[in-house]
Structure formats: structure tokens, C-alpha cells
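Two complexes come next, and they have one chain in common, chain A, joined by chain B in the first and chain C in the second.
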Partner chain A sequence: MGSLLEIKNLSKTFDNKKILDNVNLNIEKGRIIGLLGKNGAGKSTLIKLINDLLTADEGGVILFKGKKLGVYSKEHISYLPERTYLDKGMKVSDVIKFFKDFYSNFDEKKAYALLKDLNLDSDIRISKMSKGMQEKLQLILVMSRDADLYILDEPLSGVDPATRDYILDTILSNFKEGSSIIISTHLISDIERILDDVVFIDKGKVVISSSADELRTKEKASIDDIFRREFKC
Partner chain B sequence: MDFTFDNNIPIYIQLLEYIKIYLISGVFKAGDKLPSVRDFANTFKVNPNTMQKALQELESMNLIYTERTNGKYVTKDEKLLEKLKDEYAITLAKSYISGMKKIGLGKADSIKYLEGLDG
Partner chain C sequence: MLKKLFKYDFIWINKIMIIYYIILLVISILTKTVESMNQTFLLLIIDKILSSMFIGCAISVIITTFMRIWARFLVNNYKDESYLTHTLPVTKNQIFNSKILAGITSILISTLVIVGCIALIYLNANNWEFLKAMFESLVQAYSKFTAVSYIVGLIVLVILELFYIMFAGILGLVIGHRSNNHKILKSVIFGFISYMVLLVLSFVIVGITSSFTDSSLIYNGFPPVSTMKAIGLTFVIIYIIYNISHYLLAKHLFNKGVNVE
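Now for the complex of A and B:
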């Protein structure tokens, strides 16, 4: 299996504080990876670095399909940020047009089909939608891009259990063969059944990187239990 | 149908058990074509990679086989499926007997209780 993403000696310092400390990771093709850590562990910083939204400390390397980050990686990585960036005054149909203009690999038909499953009227303004509905819309937008890597930063936080199920199902059923998905979360028990691999991150360091089922077998416990044990406050 | 998974046990092992019961109970019969990995994964709402791993295990147990380019099939060996059923039934019976033992009842009593139930 080929490496999709290679991260070597990656550190990030803000105001003399090391947020990420020498992270080394390899993400393979066709995997769903859980990036797990407590609040403030460095998950979002790592994700922002992979999306080329922050600059790493000197010496750190991130390669996407063997290439340095830039236009190419941005085209083939579909990113769901933790916070919404959509203009709340826009209608659903405006947002779809916006995505279509912005990304050549955005599949408008797929987005509309997924919206139809949700019975979401494309004439409605985002400001009129519930938080759960907004989360679903953003997930649909991100998953409707034909990308090699999907990065979802906390896609489950603040939504009800039924919406969580919908989000997980949408991720699974739109998981294209050969593409990979990185999902960051601290809500592990909800998500662990769909993960191939888990990466535990704590105080800016990768502390465990393993196949989920291997870790369960080795520790005879759920990923959630292992996480709680490992990171006891 | 909704499938529930225990997060403490590798998911592929639980899938394996679900599919074994399908084979034992005849949901899929000897020689039947199985759904594709992706369809199977969608039914169970699991990751296709995990489903693939469960199917690989079943294949290594000779319970299913792959016909190149054509998909996966249930073994044509009916004796093997019978044996699987037999083993499963024995496991269930043993767990019943051991449960009865815990409350102080022997085998003869256990059988009496079974006879009192509608099948």
C-alpha cells in the first residue's frame, strides 16, 4: 500500500509553546483514521498544518502523494473545519454554486442527491437551519468532492445521537475506494466501530499509532476505554 | 435490521459471527452468491476494510470462496456447513448447562426445563 500522506519531524511552536512536538505519521490509501486526543492536544493544529493553513517549524516535512503541500494538495484534500466558514445569509443553492465554482472535483449532482435524502430545501437560508442541519450540510459539501483525502475536524461535536448516526453513515457510504479519511474527535465510543486505524495524540506528541482491531485485541478493551486509561486526568 | 457491536471486541470478529449465523441458519445457502464487500459493509454499517477482513477470515476457514472477477460464494460443501451448525449448537447447549449449574441444577433437571418449553 502506498503512502498518501507522510509527516516527518513536524513541530509547531506558538509563543514559545510547543503545540506539536516532532510528529511522525504515515497515512496509507484506503483507510479511515481516527485522530484522537483531549481538547488542546494539538489535533486541530496538526489538521491545519496538513491543509497548509499554518506553517510548520523549520525541519518539519509534510508530503501529500510525494509532493510538497500547495495547489495540488488543496485540490485533492477535502477539509471540514471545526468551525463553519459559510456565509449564513446564503441559501443552500448559493453555497452549492459556490463550491462548484471553487472546486473542479465538486459533484453537484451528488450533493443534491444527498440533500434530497435529508429533505432539505435548497431555497432555505443557512441562518434558518438548526445547528445539526448546518453540520449535515457542511459534511455533504465536503463529501461531495472527489478527493483522495478527507479531513474532518470534530464532525460530531454538538450534534444529537441521531445526527451522529447520519454523519457516520454518510461518511461510510461515500467513502470512495482508495481514498482515506482522517476524523479528529474526542467522542470516541460513537465513532470507533468505523475506524481502521487510530492515532492518539497527547501534549503535541503521537503516543499510540495502531490498527484499531489490533489495539483492541492487545489491550482487550475498547478504544474508548484505552483512551480513558491512557489520558486519565 | 440494526446490528450492534461491542467495542471491546475486534469488529471483524463480530462480523464473522453474524455471517456464520447467516450460513448456519440458511439465510445464505451452500453455493449462494454473497453480496459485494461494499453492499455487505453498508448493511452492517461498517467500514468496507473491516468487512473485507471478516470475509478473508471466512475464506481461510473455507466457509466461503472467491470466484475470480465474479465475487464471493458460500462453500458448496454442505457437510462443512452442517459441522459448523453442530459446533454452534454444542456451544449454545454448553452455555445453557453451565448457566443451570450455577443455580444448582444438573443435566437431568436442565433437560426437564427444556421439555417444559415450547420449541
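Now for the complex of A and C:
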């Protein structure tokens, strides 16, 4: 398997406090990776750094397909943040046009088909939508891109079990074959079944990076149980 | 991509401004209509009210233009929307330049609307003659200049000053958001301080330039042509330098990367 994303010696300091400490990680093609850790472990910081939303401390390197982060990586990484990031003054149809304008790999037809499944009117303004609906719209936009890497930051947090199923189904039935997905979450039991690899982060450090099956066999426990054991308070 | 970014930035800034422009235009037409009627006591009062409303609205147009430019820069680059802005397949340079271009265009449009509305209300053959007469003494002193060139020169200086206010605010936002706390407060303080310090410096420079005036060349109380030219040019050059240096510094810091909340 070829390396899709390489992270070398990555650190991030805020106010003299190390949020990420010398992280080294390789993400391969065609894998679904669970980025697991407690709240405040550094998962979102790592994801923000991969998406160029934060500036790393000196010495850290992130390479996407061997290239430094930039226009190329942004064209091929589809990112779903924790927050709702859409311009509230826009209509759903405006947002779809916006994505079509900027992402050459955005599939407009797929986006409208997914909207139809949700019975969501494309003439509605974002400001008139509930937070949950905005999050679903963002998921549709992200999954309608033909990307090489999908990064989903806490896509399941704060939603009911039925919506979790909808989200996981949308992810699994819409991502491009051969591409990779990084899912950051602390709700492990919900996603355990779909994970190929797991990365455990604690206090800004990668403590476990392994194939999910190998880890389960080695520890004779589910990923959820291993997580609970590792991060017991 | 710059063109696409510009389109969205420009629409965002101006979708509110268009309402202000319409209000300003309506007030201008009403004022013009009232002024063209026979002035009774009641109409005189209405005229004064409309004139005051026009001044208030024109000031609001300028202030709102700046607020919209800065708000776009702040919200799109550092707040929730930044999660989309900085993951678009564009360079940081393009993101920055698009906002600057949208800002410059919006300031020019606002200035044009205000000047146009003033002209609509007050410009007629009599007032034009009055305006020219106002500059007559200057024209007599400096035969090389015309009244129109003074008016144009004044507008150019005002526009350069407006650009400078915009750049000071944007540099403040970029520097303020490099720290991890009190970002807005630091942005306002830095933007205001840099604006005031350089404004005082520009007057000092112009004062020094004009001090080289040869008093024997003073005509009717006016300094000689060479000094007036030097003062005018110094102001223009200073503002161009301020604008370019603010633009380059803000762009350089922005290109180094952002730390979104």
C-alpha cells in the first residue's frame, strides 16, 4: 500500500503548552482509520494541522502524496469539521454552486440526490436550518467530492442514534473506492465495525497505531474495551 | 480562482451596501426636489431635515463599508467560515488579494455613490461657478493649476486616505489574530495605533517639507507653486508608501499561516 499522508515530528504549542508532541504517523491508501482519544487529547488539533487551519511548530512536516500541504492537498482532501462553516446568508443551492465553483471533483448530481433523500429543499436558507440539518448538509457536501482522503472530525458527536446510522451509511456508501477516511471520535462502539486501522492519541502523543484486527487479536478485546482500559480515569 | 473568490467577497460586502446606496439616492432625489421648489418656511425645515439625513447617511455609508470589509476579512479568515475558506484549493495569496480587491472596489463604489449624490443635489451651473470661484484665489496664485485639478487632487487624496484606513484595520486583524487570546482587542488596538502613529508622522513629514518654503516667494499669502506641489506630492507619496507597506506586511504575515479558533 502506498503512503497517502505522512506526518513527521509534528508538534503544536499554545501558550507554552504542548497540545501535540512529536507526532509521527503514516496514513495509507484505501483504509478507514479511527483517530481515537479522549476530549482534549489533540485529535482536532492534528486534523486542523493536516487541513492547514493551524501552523505547526518548527520542524514538523506533513506530506500529502509526497507534496507539502497546499492547493494540491486541498483539492484532494475533503474535510468535515466539528463546526458549521457555511455562510448563513446563502441558500442550499448557493452553497452547492459554491462547492462546484471551487472543487473540480465535486459531484453536483450526487449532492442533489443526497439532498433529495433527506427531503431537504435546495431553496431554503442556511440560517433557517437547524444545526443538525446544517451538519447533515455539510456531510453531503463533503461526501459528494471525489477525494483521495476524507477527514471527518467528530461526525457523530451530539446526534441521536438514528442520525448516527444515517451519517455512517452516508459515509460508507459515498466515499470513493481506493480513498481513505480518517474519522475522529470518542464514540468508538458506533464506528468500530468499519475501522481498518486505529490511532490512539493521548496528551498530544500517538500511543497506539495499529491495524484494528491485529490489535483486537493481540489484546483479545474490542477496540472499545481497549480504549476504555487505556484511558481509564 | 482569484476571480471566483473576488465574486463571493464582493457580493458579501455589497449585499448590505446596496440598501444604503438606495436610501442615499432616495434622500438625494428628495432633497433636490425640495430645493428646486419655492422655499416656504415648511419646505425650508424639510430641506434642512433632508440635508441632515443625507449627511448622516453618507457618513453611515463610509463607516458601514469599512465595517463590512473588516467583518468579511475576520469572519471568513478567522471564525467558523474559515474552516471552509482555508480548505479551498486556493493559495493564501489569492484569499488575501481577493479580500483586498473587494475592499478597494467597495470603497471606490461608496465614494462614487456619495460624490454622485452630492453632485445630484448641489451641482448646477450656479453652484459650479461658486465652487470654481472658491478656488479662484488658488488658481490665480498658481496659474498652472485649474479648479478642476484641485477638486480631482482632493478626491485622490481622500481615496488614498480611505484605502489607508482599510489597510490599517486589516493589518491590525492579521497581527491581532496571531496571538492566542484577546484577538479582537489586540486587532483594534494595533490597527488604531498604527493608523494614528503613521498619520502623525505624515503630518510631521509634510510640515518639514513645507518648512523649506522661501518666504520671499509667497504671493498673496500663498506659498509658492513649488512648495504646494511638494506638499501635495509628499502627501500622495506618503499614502502610497503606507498603503503598499501595510499591504505587503499584512500579506507576508497572513501567508505565514493562520491559527483559527
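We take it that the second predicted complex is superposed on the first by the 233 of 233 C-alpha atoms of A that agree within 3 Å, B and C clash if a C-alpha of one lies under 4 Å from a C-alpha of the other, contacts with A are read in each partner's own complex, and residues count from 1 in each chain.
As a convention for this text, contacts are C-beta pairs under 8 Å (C-beta built on N, C-alpha and C of every residue); 3 or more make two chains touch, one makes a residue touch a chain.
The shown structure was predicted, so the numbers you read here are calculated from the model rather than taken from an experiment.
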With the two complexes superposed on chain A, say which partner A:L172 touches: chain B (first), chain C (second), both, or neither.
first
Examine A:K74 and indicate which partner it touches, taking first as chain B and second as chain C; both and neither are also allowed.
second
Check the residue A:D87 against both partner chains and state whether it touches chain B (first), chain C (second), both, or neither.
second
Answer with first, second, both or neither: which of chain B and chain C does A:I223 touch in the superposed model?
first
With both complexes overlaid on chain A, does A:I32 touch chain B (first), chain C (second), both or neither?
first
Quick check on the superposed pair: does A:D52 touch chain B, chain C, both, or neither? Answer first, second, both or neither.
second
Considering only the touch criterion stated at the top, classify A:I194 as touching first (chain B), second (chain C), both, or neither.
first
Where on chain A do the contacts with chain B and the contacts with chain C coincide?
none
Sites on chain A touched by chain B in the complex:
30-32, 168-169, 172-173, 175, 177, 189, 192-196, 212-213, 216-217, 220-225
Quick one: which bits of chain A touch chain C in the complex? Just the residue numbers, please.
14-15, 48, 51-55, 70-72, 74-75, 77, 79, 81, 83-87, 89, 98, 101-103
For chain C, which residues count as touching chain A in their complex?
1, 4, 8, 12, 15, 80-84, 86-91, 180-181, 256-260
Touching chain A in the complex: which residues of chain B?
5-13, 41-42, 45-50, 53
